[in-house]
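There are two complexes below, and they share chain A, which is joined by chain B in the first and by chain C in the second.
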Partner chain A sequence: MLEQLSYKSKGTFLQNVHTIASLTYFAALLLLPLIFTHPFYLLGVFLVGIMAVVVSDSAAECMPFLVMGIWVAVFVMLLNPLIVQHGNTVLIYGPELPVIGRFRISLEAICYGAAMGVRLMTIIIAFALYNAVVHPDKVTAFVSRFAWKSSLVVSLVTRMIPTIARDLCSAREVMQLRGVDFSTGTFRERLKKYSWLMEVLLLSSLEGSLATAEAMQARGFGSGRRSSYHRELVRPRDYFFFLSGITALIIGICAWLKGYAVFAFYPKLDSFAGGSELIWLVVIIFCLIIPLILSWGWKHWPYLRTRI
Partner chain B sequence: MSARAGKKVLLVSVILSAAAVIMGLAAWKLQFIHQNWEFFAAFLLLTSLVVFFASFEGSRISSREVGVIAVLAALAAVSRVPFAVLPGVQPTTFLVMVSGYVFGARSGFMVGAVAALVSNFFMGQGPWTPFQMLFWGLIGASAGLLGVVRPGAGRTVMISFSIVWGYLFGWLMNLFFVVFFIKPLTWRAVFLAYAASFPMDTFHALGNVCFYLLLGPQVIKVLKRFQKKMTYAEI
Partner chain C sequence: MALLENQDITYYYPGSTKPSLCNINLKIREGEFLLVVGGSGSGKSSLARLIAGLIPEFYGGRLQGKLFFQGKELRGDERHLLNSHVGIVFQDPEKQLVMTSVEAEIAFGLENLGLPQQEMFRRVAEVMTFLNLTSLKDEFTTNLSGGEKQKVALASVLAMQPRILVLDEPTSQLDPVAAGEFLDLVEYLNKELGYTVVLIEQRLERCYHLADRAVVMEQGEIRYDGSPADAAHWQVKHHFPFIPPVAKFFASLNNAAVPLTVRDGRRELHKYFPDDPSVENPKRSVQLSPVNNKTTAVEAKNLWYTYPGGREVIRGQSLCVREGEFVVILGANAAGKTTLLKLLAGILKPDRGCVHLLGQDTHRLSLTDLGRSVGYLSQNPNDYLLQDTVEDELRFTLNNFQLPDNGICDELLHKLNLYDLRHANPRDLSSGERQRVALASVLVAGPRLLLLDEPTRGLDYRLKAELGGFLREITASGGTVVMVTHDVEFAAEYAGKVVMIFDGMVVCDGPRDVLGDSIFYAPQMARLFRGTAQGVLTVGEGLERMSGGALNVCQSR
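== the complex of A and B ==
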């Protein structure tokens, strides 16, 4: 598990976008479901997320996330009506229970739970896509412009984790050769065996850290202004991505402030005002979908591929 | 290095908690805020992370300290994996705590936060990442404070500290879960969420105590010796 990053480079269109552009797009995918409460708006962003998973060829990577997300969403959907006792339209009165009191399951609480389930799924899809599409090194390199000490620590740790995981395996083998059997013994004994491993690992890797520090110093690290030789390309596609993300965000916030994307669940469900309140949603979906159309075109239309 | 950083973190946490109290009071007054707790929760979470990282950026730090922080964070991250089968039990909390205790609040925060962030590069980022970063970071920072207040803390202090954080970690997580996903907020909802996570938190606390009893004194000794080794004396 610790041998390689969860990001796999596949050379797809979405993986080859400027960091700022893709971060803006993902910020929109993540923040919009957080501010919306209207069920249609939530469903709209959810569908865009699903489409993005399909278009970016990352269904296999996203699957474990989706499965886990469904479980949590179902949990939230069930939990909300059980513990929230508000809402006018009561469907079922439960029995009197000690401590907690009497259950009443209302239509409003069920609907709110369902909307929250969709919100949760959308957020999880946004993260799953982010994992599959954005290389952590690109983000670290981007952050290093304004927080270089923290990003230095982050990149050092990223480099050390696979090494330490390998060291752990070899230390384990050495101990097994000396007659320590990790698969037998009571829980306490096994914990003790693993704690020996931890100690060995701690000592050897601390020594390693001194070597790293000295290597850094020997190369003059921190002796002057930092130089940088890496520059990311900005291509037309990056403008599309950036603009679509930022426009969707701004329009979403406007819709939210004007009360279009807001839906009151308690004490009684709002009624749907009809088509007019969904115009904003159509615009938002249109914005968010442009990069996905480009991605499809990049794959199937050589001319477009040469232009973006 | 640890005493000054400890004071700084103390100051930061006092400011943050004051901000939380003020926002709580404001929320009590304003209908808008009363209906939008989640924004304030998210705001508080992000500002605390930014404040802690900014304090690290602003500090003068040697390459040796960076190396040690990185190694401890990598160890804490790696040690999440072999114990993944046992719910709540992992040596990460223990390692973060001990490194904060020995190397001070600032380093402790970095070890906890970076371990959470980078282990998720390998295991997958999710909505949980910022929460894990902040709470593990807080474990390290508070252990740093403990190291300043009680430099020679014995077994009882450290064990109670591990138990408290075992529960507090889960409770803070619950708080955010409830604020984000349950509406309207009622005491019953809070109570049920806390009751549901109680067994998990107990495992976490017990795991912390076990790791401290098995490894604590030796690891602290190793780290303290290493701290001495890091600073070369002039002759």
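== the complex of A and C ==
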């Protein structure tokens, strides 16, 4: 899983978009499922997310997150009807339980659980995709223009994760060969054994951080007013990407404010209004899909590649 | 006028009563290549930090004496100015990188200087082009090899356009190929671009000849300051070991000229053998894997291993190590040396084939069970250090295996020169001492097989000799040692058997003499005597030949 956290440059279209443009697009992909409650809208954004994973050649990087997401989503779908006792359309009556009264499973609770599962999956897809296509240094460089200390901390932590993972593996092997058996003993004993491992990691990390701080000072860190290095070019594709993302976001918010993207599950499922609410959805999906079409064209149509 | 001058500098680290630098008087001239040698704790790194302006600004402590830059004395806060004139590259490439991508890393120092965009673009682009890093500009720094990381560290310093380049053991964590490439770059920077270079190094075979001046340090003092050849004579006379083999050999012969490279050494050697040095001795056939009657310590049969990512690292290899043998595994980076060692230790289990450790299949044993008979020393001794004292570190292993002390702790502490440090915190010790503590914490369980992964990395000549002597003692008392290393000089000096591995396959498995015939892994002395005398791998053997053996051989021709 930790390996999947590392961005791998594949030279894909989505990886070659300006940071502001890609951040806008991912903001739309992340925020829209958070504000939408309408199942069709949630499904629509979810399908765009899946398409984006396929088009960006990021299936391998996203798969571990998707597998984890499916389990969590299924868990939410199953748990919601069991816990939430609202909803008028009762499908199953169960036994009388203390505190919550008579146990029952309603159609509304099942539908709400399913919608929440889709929402969760969409958000996980957005994060996984962001991790696979947005270079973290581009983001930290962008953020460093107005918050360089925070961006530096993020950068240092990002570098530290794979190093700590490697050190943990090595320290564990060494300890096992020194007679520490992590698989035996009571919970307390095992906790103690793992605390040794943490101690080694903590001490080594502290020493490492001192060396890093020294190297930073040697390169003039903290010596005066800082400037910010950024070397990103703006191409036509970035405008398309940015406009698609921002338009989808604005239309999505409008649809939500006008109540088209809102759906009431309790006490009784809303009825679907029909065409008028779906037009908004079609426009949002169209906006979100434009960058994916460009991505496909960029890959398969050399002429388009030269133009955008 | 000296570019940088230290006058009577004495420095104490915070809380220390013993000076780490004592009466340092050193002038560094523009365009000079200065080599600083000395043992661990001799004050080399402190000197580097002083030159780079990190002492006392970063470390605190007490500094006495005067510091001049371009003739102007730097007092108090002014020493901070050195940061922009002196660039320093540290030992560990992993710990000096800050940013996640190569390009951002190179720009980091420039951002700190507050340079305008256009200036930063130009400098980053120039440095990346010069160091051939353009293809790696978007690469994650954590994914780079050690050599690439060190190159990026150098690039990020060069981008700041320093007047003096200080390199504090920059190749100690690199394999010989990467180290060679790095030193070639440093030579170019000095000779062609005119950078003033201060190089602190332990592996002197590749850099001793590059220096204009060599400074020998001991206990915080400069003991000798002169030309590398004179420094070699002085060191031999005063029993200092910080000389590469060829220079040591000629200085030991009391030869007036001390050649610093193999090429010059061969010309000098020709004067001793003027008749026909190109005639080879009759070749002794190299016997591969000699069969003897000793018990097998570890036997690997038809080993295959692929990492979870899909990289096949070991390909159908077999290896047999007998009790009492000292085996060295050599090979380039990523050839599969560490993987092979981990397979032999039982840390990794082969996908196909089997490893029998003292007669038992490692597939059937847990790591904890293996720990009683196998001692494994990883590349990083810090993985072993978690207790408050050195003594507790040894007891920790004993307690885990529920073994009685029986005086073994004291015995090992004495043997490894750690007894006086037994109450010290292991994390307060030097790198050489830490490694000895890690070794002791492994040996205390009484393993019959010792597996070491690059134990000579970062050790000076003196510490290497101590380690080599100790490992020889282990094999003499019936123990078995298998060691992965890049250090061919160490292998030539101490190993009984050499295994070379290339791309997951064993390409050579024979007695140490195979090093003499090797193209790349031949030690300096073997290259010096190639075509003159066979079987000379070390300075000792060379001197022995000169005092009789080789002369007789020549006369018999």
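To be clear about the criterion, the second predicted complex is superposed on the first by the 233 of 308 C-alpha atoms of A that agree within 3 Å, B and C clash if a C-alpha of one lies under 4 Å from a C-alpha of the other, contacts with A are read in each partner's own complex, and residues count from 1 in each chain.
The working rule: contacts are C-beta pairs under 8 Å (C-beta built on N, C-alpha and C of every residue); 3 or more make two chains touch, one makes a residue touch a chain.
Since this is a predicted model, take the numbers as computed values, not measurements.
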First (chain B), second (chain C), both or neither: which does A:226 touch?
second
After superposition on the shared chain, which partner residues are touched by A:180: those of chain B (first), chain C (second), both, or neither?
second
Output check: A:9 vs chain B and chain C. Expected answer is one of first, second, both, neither. What do you get?
second
A:170 contacts which: chain B (first), chain C (second), both, neither?
second
Partner chain in contact with A:150 - chain B first, chain C second, else both or neither:
first
For A:127, decide between first (touching chain B), second (touching chain C), both and neither.
first
Check whether A:80 is in contact with chain B, with chain C, with both or with neither, and answer first, second, both or neither.
first
Under the stated touch criterion, which partner chain does A:203 make contact with: chain B (first), chain C (second), both, or neither?
both
First (chain B), second (chain C), both or neither touched by A:136:
both
Shared chain A surface residues [contacts with chain B and with chain C]:
6-7, 136, 152, 156, 158, 199, 203, 208, 212-213, 216-217, 221-222
Touching residues (chain side chain C, partner chain A) in the complex
52-54, 57-58, 80, 83-84, 87-88, 90, 92, 94-101, 103-104, 107-117, 120-121, 124, 138-143, 153, 156-157, 160, 309, 342, 345, 347, 366-368, 370-372, 374-376, 378, 380, 382-386, 396-397, 400-401, 427, 441-442, 445
Could you pull out which chain A residues touch chain C in their complex?
3, 6-7, 9, 135-137, 140-141, 152, 155-156, 158-159, 162-163, 167, 170-171, 173-174, 176-181, 196, 199-200, 203-204, 207-208, 211-231
Taking the touch rule as given, give the residues of chain B at its contact with chain A in the complex, in rising order.
38, 42, 53-54, 56-57, 59, 61-64, 66-71, 73-75, 77-79, 81-82, 91, 110, 114-115, 117-119, 121-127, 181-184, 186, 188-189, 191-193, 210-211, 214-215, 218-219, 222-223, 226, 229-230
Residue numbers on chain A that touch chain B, as the complex places them
1-2, 4-7, 34, 64-65, 76, 79-80, 82-86, 100-101, 112, 116, 119-120, 123-124, 127-128, 130-131, 136, 147-150, 152-154, 156-158, 160-161, 164-165, 168, 191-192, 194-195, 198-199, 201-203, 205-206, 208-210, 212-213, 216-217, 221-222, 265-266
